[in-house]
Amino acid sequence: MTKALRHRHRRSAAVALACWGAAGALVLTACSGGGGGGGGGGKSEGPGEDKTKASNYSLGTKEDSAGPAPEVKGAKKGGTVNVLQRDAFNHLDPGQIYFADVLAAQMLYNRSLTSYKVDDQGRVKVVGDLATDTGTASDGGRTWKFTLKDGLKFEDGSPITARDVRWGIERLYAPFETDGPLYIPQWLSGEGSTFRKALPDGPYEGKHLPSSVLDTPDDKTIIFHFLQPHADTPFATAMPNVGAVKAEKDTKQKYDNAPFASGPYKVGEYKVGKSLKLVRNEHWDPKTDPIRHQYADGFEISFGHQYADSTRRFLADQGGDKNALSFSSAVAPEMTEKVLKQADTRSRRFVEVQPYVDYMSINVDRVKDVRVRKAIAHAMPNGQILQQNGGATAGLLATNYLSPAMDGYRPTDPLGKKAKPSGDPEKARALLKEAGKEGMEIVYAYANTDVQQKVSVVVTQALERAGFKVQKKEVDANIWRTAVAEVKNKFDVYRNSWGADWPVSSTVIPLLFDSRQIADGSQNYSHLNNRAVDAEVDRINKIPDVKQAGPEWQKLADRILTEDVPAVPVFYNRQFSLWGSNIGGVRYQPVYGTVDPTGVFVK
Amino acid sequence: MTATSPDTTPPPAPSATPFLSVRDLHVRFTTEDGVVKAVDGLSFDLERGRTLGIVGESGSGKSVTNLAVLGLHERRGTEITGTITLDGRELTTAPESALEKLRGNKMAMIFQDSLTALSPYYTVGRQIAEPYRKHTGASRRDARRRAVEMLDKVGIPNAARRVDDYPHQFSGGMRQRAMIAMALVCDPELLIADEPTTALDVTVQAQILDLLKDLQRQTGSAIVLVTHDLGVVAHTVDDLLVMYAGRAVERGPVREVLGAPGHPYTWGLLGSMPRLTSDVDEPLVPIPGAPPSLLTPPPGCPFHPRCAHVAEVGGDRCRTERPELPAGRGAACHLTPGQRRTALAARLAPRPGRGGTR
Amino acid sequence: MLRFLARRVLGALVIIVLISAITFFLFFALPSEPALMSCGKNCTPDALALINKNLGLDEPVPVQYWHYMAGIFTGRDFSVGHCPAPCFGYSFSNQQPVWGTIVDRFPTTLSITVGGAVVFLVVGVGIGMLAAAFRGTWVDKFFSSLSLIGNSLQIYFVGVIALAVLVSGLHWMDNPAYHPITENPGKWFTGMLIPWLVLSIIFIANYSRMTRSQMIEQMGEDHVRTARAKGLSRRTVFFRYAWRGALAPVVTIFGIDLGSLFGGAIITEFTFSLHGLGRLAVSSVGETDLPTLMAVMLVGCTAIVIANIVVDAAYAFIDPRVRLA
Amino acid sequence: MWRRFKRDRSGVVSAYIVAFFFLVAVTAPLLSKVYGKNPTETYGLDEPGLLNEFGYPVAPNGGISGRFWFGIEPTLGRDVLTQLVYGIRTSLLIATAATVLCVLTGVLVGVTAGYIGGRTDYLLGRFIDLLLAFPSQLSFIAFTPVVYSLFVSPGKETPTSLRVLTLILVLWVLGWMGMARLLRGQVLSLREREFVEAAKVTGASPWRIIRKELLPNLWTPILVQSTLMLPSVVTIEAGLSFIGVGILEPTPDWGRMFANGAHYYESDITYIFFPGLAMIIFVVAFNLLGDSVRDAFDPRTTR
């Protein structure tokens, strides 16, 4: 069912060494992002220390949800922001958006029921966006009620009503809406794609969901009746597809190229695959919006800038590039050193932990002996793998399954990876000997890309040093996902990456390790099948307060890593951003792992 | 050897210098393998209205001599000594620009293979008109009219239309005529025809030669006719020069040379060609051996390796001593006039037993 | 001429059809499911089947091929909407009509190719003629050794060095990028400069070598000697007679080079991160984006066969002996 | 002819250089033993102090030192010299095999078409036209994955030999037409010559005529063309690896070093320097050799 944000960074070239404790002193310069962006966490010390940013996630109050957003220091009105993106946006229709780059972009023109408010310290609050607050639960968390603010308007000045929100949700049932997250429709109408049967054509044929499912008693009220209790509903309603779509302006598939704006900007000109121009939306009222500003006159987003290209332009900082930034393009890893050495970049860059984690899954069906799995885990050269991915500015060495960006994250290190970043071949060898499996053949599968080819070199080498025999199996990059997601696959160890849709671990552990998730195409890539784990998942899921659930998830994650070892956490992704010197108000959006464009202005 | 012109052409040059005078001409090419002495001490004269034939095998230096006269030899690696004077003007030392003014104007050349010698890329008319425009400054239209006139003159039927044809659209004989038209377009006083008929049918050959003669009669120009074909020479030229290995080995009025050749090589040339006058069964006698390498020409008489009469001369004379060509009529050979007569007589006697192949 | 054109165009069409068919059928040997590209993240077998149906992937390959080719002339209707002629299908990876992408990318390739071609043709032929004119002198030796080395250079090496030195090191030139000439001719020029230079260095070598040897060969031709014997100046002969003869082979090679470059100057585009047809092709292979790949392939081989026809016509124009039939 | 060649100094020097490259390729294991390093070991990762925190060599000039003569590779920290030596080995193996196949096919098709003529010639000619109309670079890139997939069985490692085979195959299929065209023309003109006519009249079998009369006269174009073909195949193969459809890690490959170098050049330009230099020297030498061979066989072109 649910799928996490999969960031589109093809990590083709990313990054350098993690800031591991050992190398920490050396690397500090690399890791300190410089106090740009005003966001907290200018320094990321690595898993050795508690970053505690995650614990800053909270639900905002009604007051937090009221506009206008607090002024950004030094902000000025006017000017156009140039945005250099590598990949073209694949969708503009909020219903279809799931990738990080567009998630960042949609913040400018699209509003959802709730949203994330990031303060100067980098603390994240979920607040009401279209709604006055983060919703009111009843019926044990099965029913959630939201009330819309006053003065909300579309780009044509027409008011946003509950009917528009309803339309926005009901259209997710239409068969063409395939790419976006589907939490709300699935919670309302059923798992998988069964929910579509509730409204096969969406709202387009005049049919609607019954009020027992989705109720809009008046122009201001929306009531969800879920099949199960969902404590993290305020997070789910912060997905961009839980917003308002005006029925008359809904052009179905074509909406993808011309969404009707509710945010401070609207689509000015869109050349698919090439450029997108966002211009001021005069009908947006700052008093209704606790998050967004409208400083710049507009954003000119252009696609097709390789990381090296955009980095070079930010570094040169000439002409129009002074007014440029990128939502999601990272500094090209080969230029990391250059960027860090150029003093004037200090105030216009950041390195932040993203909610994405790289794992090495171990196929439990094939590698049945837990001692062998442990041996693999100990042998895994996390540091070297990270280095192939770009090193310190691309990620942090991972010591457990949860990202530091998750609520309740603790820097536990059950396998002692921090001390042995290149793996511990002796220990692995010993474990393998204990299992009597010396010289065992391991099929290591990898997607055939530049970086993964290099990763395969270090993984193979480390495993062989630990006494394994390795069969390397390259898989075409474009079928990689399906190939490893096949339950009956013939591989033993393979990389995958997971990012939570919101900073609650209920979007991580159950998906990765619950045996009930095992199916072709699902995310339990390891096929871990442990009843005790399943039971624990259920128990924690029932905790009504997400804040209390956080530490419980961490405990469970560590237990799995210690007892079952179905996967080896390798590194936590980081975003290394750089922008032009004439741009202000850039901060990090920790949930999306991108630049937050809402407070950006031209100096 | 100065020939007195029998026709109306007024005697030129108040000085004693003939119209074209080549003196002690040496042409050497430097190649990778050494120095080639392509022409080695050649001298001859030619007056207006006269025709000089130059015969010899390929590689005997005929063509090189003519190219040297026009200054068309490859400049790089070529060394020329001696003098070439045309109408009193020294050509070997003349600057390129001066030569350019003379070429195609005062002196012109007809080449052997009209297919390759005419540019395939331009129309016949244009190629004929080009030198005319250059040397007379005529307008495009006048030049074209002149080209038609010339084509007409050389006997191209329908000249006004054919003037716009490309060379490949002409037959071989017509091309050769066009080439002659091109050479004559500026009424040159010296015309060098380098084997103008070799590539043609016998009937066409005769026509072309007649044409040349006709034109000479009209303009009174001097003609150098280069050929390896003695048959052509007999009816066309006034004087004859026989070349071998870059040297003149015999010269004289054509009747005398053909009638009483004085050099064994000339005998060989005559023997290796069929004559209309002789019996069809009479075998042709080729000259044994191959022309010598000009890189390392044989010492002494260059012909001695192929000469059947070395013994008659006696001693090492042929191998060591280079025979001089006497001024005027004569041959560069060590044989005495008596020996020559005997040998020639012997050669002309039929030899039934031997069948030569060609 | 008309007969020539008719005959050649017919032959070209046969070749294009064959090549497109080979490409199309070969690609079904690839072990991947193109529908996955459009299936998004919530992909289920049902959704997959639907997409397969929408894209017409459920039909036999020959039928699909027929639809594809017919669509180029008649346009096609997809569930996503009508795709007007010329319809090269909808891209599997970005769900846009392929033709739009081609139209979008082609100017980049065109700029690289035409700009580069102008430089390397003019400079290459120029150098070749210079070397021929000064044959044997230091000028000739200098350019000859230069072109020998140039001939041995590879874009993926020189290009990188050029970037490192000219862009990153000395900041003399702009990072290669494509800006439409219609929007900003200045930027277009500066953005294309390095690709042109690098592409040229390599081709110049070829062209100067060829031109030189052709010129020298032509200068030795009888008809050139004839022209000299007519009293035409060295210069006239060189530029009018010898050049005309040397032109034909140069034009032939130029046509072939240009034709293959139009299909995408792949390595150049790759080295300089330019988004032309070549890069599009490479990415479409990686993404099993059959419609896009087909389209690029068709553009590429059409360019080649057209180039061949043009070369033959040009040949006939240059050399009147050649007859078109 | 041999004498002529020997007198051509640049030709002889080039021949030595070319021979040196082949020698290096053949003796790569020996060289690496003597030098004491191998192309797969990640020295930079295993030993601290060789690579900095960004994965680039600590020592200046790409980490060139008495120990690593050509420096070390960024991020993986392997030895550049042995990588290059083994890379040349891989590339030359592929290129040589592809060239040999192309030449054989070219000779076979060219001689067949030229000698038999008629319908066979026409059909082969059209077939060649067809293959020539394939955009070659594009086709290499497009069809290499297809051919790979024909060989690959899911779940097993694709042996490097299969990848090599694939590349050879692809380079071969689209590489022989030039040779065939050339030889066809040669054979067409030879066919009309007296000695062939004579042989025909005496009733020699076609095979005998081809072998005894035609082939000896074709050696010159074949040899010259092959000498020119090989370096171009090397560069095409490297280009494929550069774009990413060539040989995979960890098998060292010349072309992939360029692809890597293009990534690293901002911070480590030295890395691409040696492979680039080696390739220039190799191609220059081969081109000069080709010129010399042609001159030796065919003195007319000496200028």
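To keep things simple, chains are lettered A, B, C and D as they appear, and every chain counts its residues starting from 1.
The criterion applied here is as follows: a contact is a pair of C-beta atoms (placed from the backbone, for glycine too) under 8 Å apart; a residue touches a chain by one contact, two chains touch by 3 or more.
This structure is a prediction, so every number in the text was calculated from the model and none was measured.
Visitor: Looking at A-C and C-D, which pair shares more C-beta contacts?
Guide: Pair with the higher count of C-beta contacts: C-D.
Visitor: Report, in whole Å, the distance between the mean C-alpha point of chain A and the mean C-alpha point of chain B.
Guide: Distance between chain centres: 94 Å.
Visitor: Just how far, in Å, is the C-alpha centre of chain D from the one of chain B?
Guide: One centre to the other, that is 54 Å.
Visitor: Could you please state the distance in Å, as a whole number, between where the Cα atoms of chain A are centred and where those of chain C are centred?
Guide: 41
Visitor: From the C-alpha centre of chain C to that of chain D, how far is it in Å?
Guide: Averaging C-alpha atoms per chain gives centres 23 Å apart.
Visitor: Out of chain A, which residues touch more than one other chain, so two or more?
Guide: 308, 476 - these are the residues of chain A that touch more than one other chain.
Visitor: Could you pull out the residues of chain C that touch at least 2 other chains?
Guide: 31, 135, 168
Visitor: Which pairs of chains touch one another in this structure?
Guide: A-C, A-D, B-C, C-D
Visitor: Would you mind writing out the residues of chain A in touch with chain D in their complex?
Guide: 13, 16-17, 23, 26-27, 30, 308, 332-338, 381, 384, 387-388, 390-392, 422, 443, 448, 450, 453-454, 456-458, 460-461, 471-474, 476, 483, 489-491
Visitor: Help me check something: in the complex, which residues belonging to chain B touch chain C?
Guide: Spelled out, the residues of chain B in touch with chain C are 67, 70, 72, 76, 96-97, 100-105, 108-109, 111, 113, 116-122, 127, 130-131, 134-135, 166, 168, 179, 182-183.
Visitor: Using the touch rule from the top, collect the residues of chain C that touch chain B in their complex.
Guide: Going by the criterion above, the answer is residues 135-136, 221-234, 241, 244-245, 318-321.
Visitor: For a test of understanding, state which residues of chain A touch chain C in their complex under the given definition.
Guide: 3, 6, 88, 90, 96, 98, 175, 178-180, 182, 192-193, 253-254, 272-274, 304, 306, 308-309, 312-313, 316, 476-479, 481-482, 521
Visitor: Going by the contact rule set out above, which residues of chain C touch chain D in the complex?
Guide: Touching chain D from chain C are residues 11, 15-16, 18-19, 23, 26-27, 29-31, 135, 148-149, 151-154, 156-157, 159-161, 163-164, 168, 213, 216, 260, 263-264, 266-267, 270-271, 278, 281-282, 285, 293, 296-297, 300-301, 303-305, 308.
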